[in-house]
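For reference, the structure is listed below as structure tokens.
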Amino acid sequence: MRPLMIESTQREQMIDITRAVEELLPKSALESGWVVVYCPHTTAGLTINENADPDVQRDMLHALRELIPQEFGFRHFEGNADAHLKASLMGSSLMAPIEDGRLALGRWQGLYLCEFDGPRQRTLRVDVLASASG
Amino acid sequence: MRPLMIESTQREQMIDITRAVEELLPKSALESGWVVVYCPHTTAGLTINENADPDVQRDMLHALRELIPQEFGFRHFEGNADAHLKASLMGSSLMAPIEDGRLALGRWQGLYLCEFDGPRQRTLRVDVLASASG
Amino acid sequence: MRPLMIESTQREQMIDITRAVEELLPKSALESGWVVVYCPHTTAGLTINENADPDVQRDMLHALRELIPQEFGFRHFEGNADAHLKASLMGSSLMAPIEDGRLALGRWQGLYLCEFDGPRQRTLRVDVLASASG
């Protein structure tokens, strides 16, 4: 299980981690299997989405902010309850396929760290699982 | 890792893929483990939910459309930013248990491809992971 | 694959299952790998989020209820369509890392069953996957 350190620079940000994850794949990589990325933080999440037009990432953050404003009748004293919910909506882990020892994403896909309460330093964990399909 | 081709017929649609996934389980299936289904597309997602009353699927699509209309201050030029966000909310992969070589879902559960920008042809990937518990 | 029985006491409730999951890890636990928790129900989900301030869990349920009220133009005859959608938003499974044979969550993380249509008895399934990294 390898650490992947990412530094966010804004409160809300989608950071493309595709290449960084790929570089962490073990050299003796699996011919076929899965990469698992895990986020040990509670105000950031992980997702897979389009990496072509940056407006997609901007639009996703925008819509989440419209839906879940920072003030929403929240009681949590830190003022970041919105970030906790957004993190759970995206999820704390993701899986992506490995084929021929490399990430085998869809044509338009990238892996994203979704920062909802930055700027902060985040440390993800990257691991691989073997397929049992033979 | 096996491909599963699905053809959606509407812009938004929840398509039951339970039987199709089960038919792709390797013949020498795991006694106990997990199936992983992966969606390599960025405007469709995967989820597990009720497969008894079709109104549940209709209601889920309805509520997502109410929450995230196609016009929502989005900038993405393709006009489908709503679909990208909905896909991330559902998720790009799912896991379901295998017992005695068969899918072991809850009584009311089915596996769904959630189409948010159809009609299109989608190609999912299906794989199996071995349990390490035993 | 081991069962984990949880009894919810309210319609909506986030129940910390971290310790219960940890107690189910096999004694001959993996040095390094992943726990998978699966929810075979369609009106409850699973997530990982903050376990320090209980207001975070209250705020998450509150915001989901604001976004997706029980009456929302739904047709499902059981009157719990909101719960089905919330369950899919949280997800039906979660993965968390195991290191040195124990759960290795982030400092503020806990594992939660998200009940959206209780009170009910829920039976989760807990399994482990081995890392292939080495």
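By letter and in written order, the chains are A, B and C; residue numbering begins at 1 in each of them.
Rule of thumb we're sticking to: contacts are C-beta pairs under 8 Å (C-beta built on N, C-alpha and C of every residue); 3 or more make two chains touch, one makes a residue touch a chain.
Just so we're clear, the structure is a prediction, and the values are computed from it rather than from any experiment.
Undergrad: Compare the two sides of the subunit A and subunit B interface and say whether they are made mostly of the same residue numbers, over half shared, or of different ones.
TA: Subunit A vs subunit B: different; shared/all numbers falls short of half.
Undergrad: Given a C-alpha superposition of subunit B onto subunit C, how large is the rotation in degrees, taken in steps of 5?
TA: Going from subunit B to subunit C via C-alpha fit gives 120 degrees.
Undergrad: Distance from the CA centroid of subunit A to that of subunit B, rounded to the nearest Å?
TA: Subunit A and subunit B have C-alpha centres separated by 19 Å.
Undergrad: Which positions in subunit C touch two or more other chains at once?
TA: Within subunit C, the residues that touch at least two other chains are 67, 89, 91, 95, 129-130.
Undergrad: Name, in rising order, each residue of subunit B that touches subunit C in their complex.
TA: Touching subunit C from subunit B are residues 32, 34, 47-50, 53, 55-56, 58-60, 62-64, 66-67, 89-91, 94-97, 99, 105-109, 129-133.
Undergrad: Could you pull out which subunit B residues touch subunit A in their complex?
TA: 1-2, 26, 28, 30, 33, 36, 38-42, 67-68, 72-78, 81-82, 84-85, 87-89, 91-93, 95, 125, 127-130
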